[in-house]
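Chains: A, B, C and D, in written order; residue numbering restarts at 1 for each.
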Amino acid sequence: MTEVALFGAGRIGTIHAGNVASQPGVKLKYIVDVDRAAAAKLAGQHGAQTADAEAVFDDSAIAAVVIGSSTDTHADLILRAAKARKAIFCEKPVDLELDRARACAEAVQSSGVVCLIGFQRRYDPTFAAIKARITQGEIGKPEMLIVTSRDPGAPPVDYIKRSGGIFKDMLIHDFDVFRWIMEDEAATVYATGSCLTDQAIAAAGDIDATAVTIRTRGGRLAQINTIRRAVYGYDQRFEVLGSKGMLQAGNHRPTEVTLWSSGAITADKPEYFFLERYRAAYQMEMAHFVDAITNGKPVRTTIEDGIKALELADAATTSWREQRIVKL
Amino acid sequence: MTEVALFGAGRIGTIHAGNVASQPGVKLKYIVDVDRAAAAKLAGQHGAQTADAEAVFDDSAIAAVVIGSSTDTHADLILRAAKARKAIFCEKPVDLELDRARACAEAVQSSGVVCLIGFQRRYDPTFAAIKARITQGEIGKPEMLIVTSRDPGAPPVDYIKRSGGIFKDMLIHDFDVFRWIMEDEAATVYATGSCLTDQAIAAAGDIDATAVTIRTRGGRLAQINTIRRAVYGYDQRFEVLGSKGMLQAGNHRPTEVTLWSSGAITADKPEYFFLERYRAAYQMEMAHFVDAITNGKPVRTTIEDGIKALELADAATTSWREQRIVKL
Amino acid sequence: MTEVALFGAGRIGTIHAGNVASQPGVKLKYIVDVDRAAAAKLAGQHGAQTADAEAVFDDSAIAAVVIGSSTDTHADLILRAAKARKAIFCEKPVDLELDRARACAEAVQSSGVVCLIGFQRRYDPTFAAIKARITQGEIGKPEMLIVTSRDPGAPPVDYIKRSGGIFKDMLIHDFDVFRWIMEDEAATVYATGSCLTDQAIAAAGDIDATAVTIRTRGGRLAQINTIRRAVYGYDQRFEVLGSKGMLQAGNHRPTEVTLWSSGAITADKPEYFFLERYRAAYQMEMAHFVDAITNGKPVRTTIEDGIKALELADAATTSWREQRIVKL
Amino acid sequence: MTEVALFGAGRIGTIHAGNVASQPGVKLKYIVDVDRAAAAKLAGQHGAQTADAEAVFDDSAIAAVVIGSSTDTHADLILRAAKARKAIFCEKPVDLELDRARACAEAVQSSGVVCLIGFQRRYDPTFAAIKARITQGEIGKPEMLIVTSRDPGAPPVDYIKRSGGIFKDMLIHDFDVFRWIMEDEAATVYATGSCLTDQAIAAAGDIDATAVTIRTRGGRLAQINTIRRAVYGYDQRFEVLGSKGMLQAGNHRPTEVTLWSSGAITADKPEYFFLERYRAAYQMEMAHFVDAITNGKPVRTTIEDGIKALELADAATTSWREQRIVKL
């Protein structure tokens, strides 16, 4: 039995707990959270026990840790896990600061532990099928990428203040998708944006709508548009145009019901938010992590990917703030 | 210049007038209607003149007549046109009575005039593309046909009383589509139905919803469902399943707009009714007729097709009334 | 802990084993199969043990049995379970013979045990949403139902010989959907069909393609079309037209990828077959069963539903064989 | 009868000739083209005569001119028409140089003639329906616009050399759509691009793929992506997100046929190119022009719109060439 500890008993921790528990040959042993009641409740559901971080790192039976606690704890937990030679599954971002994130990457590299960063979109059935079909040459060379990435509603302003800004909090996933799909690195980044939905976000020094353009070293083009509030829901689409065709990722819907009424033909809105939309992706991601730690398979979303996405988020933030094109 | 006379200045006559007038090398000379004001108005729009039937058949310059007047006038006008050796474009049905329809077919055959019956659906871009792709072998041998044929609302009960019943009035088009697409003749017909939308229709001895099943000589199966009132509009779809695939004809919509709202994703309802849905079909049909009379091309919807569809309508009516399976 | 025994370690048994095991508060204790190796393998995956039927019924700790073994074992196991006062989850059909099925229903009724028949489609997210929306009045009174129910390929002829024929084997689900959606009982049934895909099926006395029409007591109409082999896959659609609108159940697809190529715009085929298409339905169905046995919730797919669907299958078989309309 | 002269007997001239000829109360009198054979052929089809420009402007019976000749002739013809007090329908662009275009606008203004610039997309049923629904408040305030505008293949390099570059030649339509839909003017423009499909285009000093971002004075965001060659065809989509919903313009397709094959579900590619895609738009545009000259209705696409779109094209060209954000 591979024994695993989970940090974080909130929304995403709850998802990961279920996915760890359902892996054959894996035992969810500890759940750690500053909110002890939440940890105890989640532990109870999966026959696990609560613990503090020290107990986890001291337990030599623990093979891996899953870090789903708040962003400001990530770097510390990664460093301690690397030192204790535990495999690491860590939610994005590695850290809000590039320096600390790079220090984590170095620690991971020198200790040699398996480390997966939670870019779950790469494991989504629709997104992964597109990647596979590109790899098989179905659309030739990718030339343009258009990403639409919109949330159904903004988080509380308190969250936004600690989030590192929209580019690190929200677009970091899109930057990772860009690198993964285009298989090319950014040469220039241009970002603009506005606060369109709630002026409290502007007051907090952030924006809620962005338009980003990346030109790659190979001259390929990518555009990303984001907003914190799309009234019709969580919109997660992209299109990649290649020399031989285009592949398009559509939204997933709760049902395949269509209503033909006296007014219009209507279909379901997209799956409500990321927990619903990426349910299968989170399962596949955890299965991949277990595969990596038990069978030595190389990890598909590395800490280096985490650094690279953060670099793009930093560049975009600079472009927006300084109103200039940023070269990388 | 090929000179043409049009009988009927109503809804369908107006469509045909426009389509005749826009054919290069064709002159719309006369418009005949018992409603002289309607005839005069339509004639004015196209630089034509009004006339009575006798004048049309006596004018040796007239090469063709287009019959879009009421059903009870069709047989008489066909017989007179055949005698006067004018090419004939006649709206369906040939007649409500098979005997009279067959007499028309004989007259057409012995006079040798071109005669096209207005099964306009065969000229529709979507329907015609399906036929062409079947002919090219794209789905192998057609095995099953499912037809959904629904009107947005019932006509006045007075019309229904003179219509010959739902099978001759409404399903005659679907019977023709069946024969055309399946390239096989009916062995048995079963029809049932109900009066679901307006009891005045039942009082008039008719029904407003039907379910028809045809088994062909070759064992292929077809199902047709109809209703006089679908609140979402004019529904004109069919699916033909073959040994190698299925071809599906979807509805046409006025625009390709989609609204993503807080409630649902919504698209346009289908084109409102037959004049809108088959606008292109009526144009292609008239162009084909002109091609037939000027270049000797064989007509694609013959009076024999009109007879065959009427036979199926008769069989379905009998099946419904007598609650039995009818063998042909 | 509610302890459960499973009969059958084949395809559907494997699905049910996983779904039982993942229910909180439920223990999958025994797996019974004549193929002991299969039983042992499946038991190993879920920490269960193999047993024979007698041991199951003798174990007073067993609260429920899940019957996923071959059809000819269903009636006997239902009778024994009813006698032993175990709750019953049994795959459809109850039995191929109405008499035996009715005897089972009586035994269930007199023992008072919970009994769920596995019409999983009622638990499917798309189908269940349609039912809920009809109940909420969204389309008014249901008037017409069109069901398309097609398999990707025929089973071996040996299976077909023991299957009870296409109406009991394949359409029994569609007959249940008809009753559930239309909330009305059949007045007449007409069925025709052909052997279109493999003459070995005809030699076995069966057909592989059917067209069924049901007229209800209330005059509503239903048409069902089926085929054993649709080259594009497992096609599970229906449309229910009501006085105020139509609800349409579309197929589910593995991904939401669309390819825009130089030839066409292409999307995924439907989910491969019933195990994939109804994955979520099987999960919901088991959760509902556990809810029924632990919380006393009334079962949504009863043995009476199983009898009614079988009666329709019998009527359809008679209609087809005797080429007549069957009154119920 | 309103008498009209047409300049240009090429592709677009042929379209306009048909649309002028089919307007009731309008006579297509002259066709002018340096290719006299082409002019004669087109004139023959519509009962018009060939002429030279001087004859047109000298004929006091001519009420309007339609300018569909090459771009370098536009300004001169507009100036002469304004002087001769003929109403003007001129294809975009007014001119490749802003100065000359502004001189034309002044001439039009001082002469007071009706002048419509051929931004036909505003007359397209799908695009116009979106504008109308925005105006009705269906999506609240427009906040983001995403335009996908792709051609099926690049024109000859000779054409490209004289075209004024991709921003003036191809994106000018998209800039007009931006202004029309967002009802706001650009504050900043950023454009980047590459030569991805044919290096001869780069050698000619142009690019074939662009990514443009506009931020409006009101802080709204627009992204436009273009390419000269999309192998799947002419792609003309946009999405406008507002505070209450999103409206999406999809492509139009030749038919509504879907093929369900053993490999995939496939639908038609978009209408082949602009002549097919905007067939209805060109008709509506001409009807609107005739309405303007005969009934005094204000023109919906004015020469000022032509100037504004050209200013955006100039700004985008500068942004791309100088690799900087351009403020307007």
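Criterion: contacts are C-beta pairs under 8 Å (C-beta built on N, C-alpha and C of every residue); 3 or more make two chains touch, one makes a residue touch a chain.
A quick note: this is a predicted structure, and the numbers were derived from the prediction, not measured.
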**Request:** For the pairs A-D and B-D, output the one whose chains share more C-beta pairs in contact.
**Result:** A-D
**Complete:** For the copies subunit C and subunit D, the interface residues, called same if over half of the numbers are used by both and different if under half, are same
**Message:** Quick check for the class: compute each chain's Cα centroid; which one is farthest from the centroid of subunit A?
**Reply:** B
**Message:** What's the distance between the Cα centroids of subunit B and subunit D, rounded to whole Å?
**Reply:** 39
**Prompt:** If you average the CA atoms of subunit C and of subunit D, how far apart do the two points sit, in angstrom?
**Reply:** 57
**Fill in**
Expected list for subunit D, residues touching two or more other chains, is 230-232, 244-246, 259-262
**Parts of subunit B lying in touch with subunit D, wherever the complex brings them together** = 22, 24, 45, 125-126, 129-130, 133, 138-139, 244-252, 254-262
**Item:** subunit A contact footprint on subunit B (complex, rising order)
**Value:** 230-232, 235, 259-269
**Message:** Please output the residues of subunit B touching subunit C within their complex, sorted ascending.
**Reply:** 143-144, 146, 148, 150, 188, 190, 192-197, 209-211, 213, 215, 219-223, 225, 227, 230-232, 239, 241, 243-246, 323-325
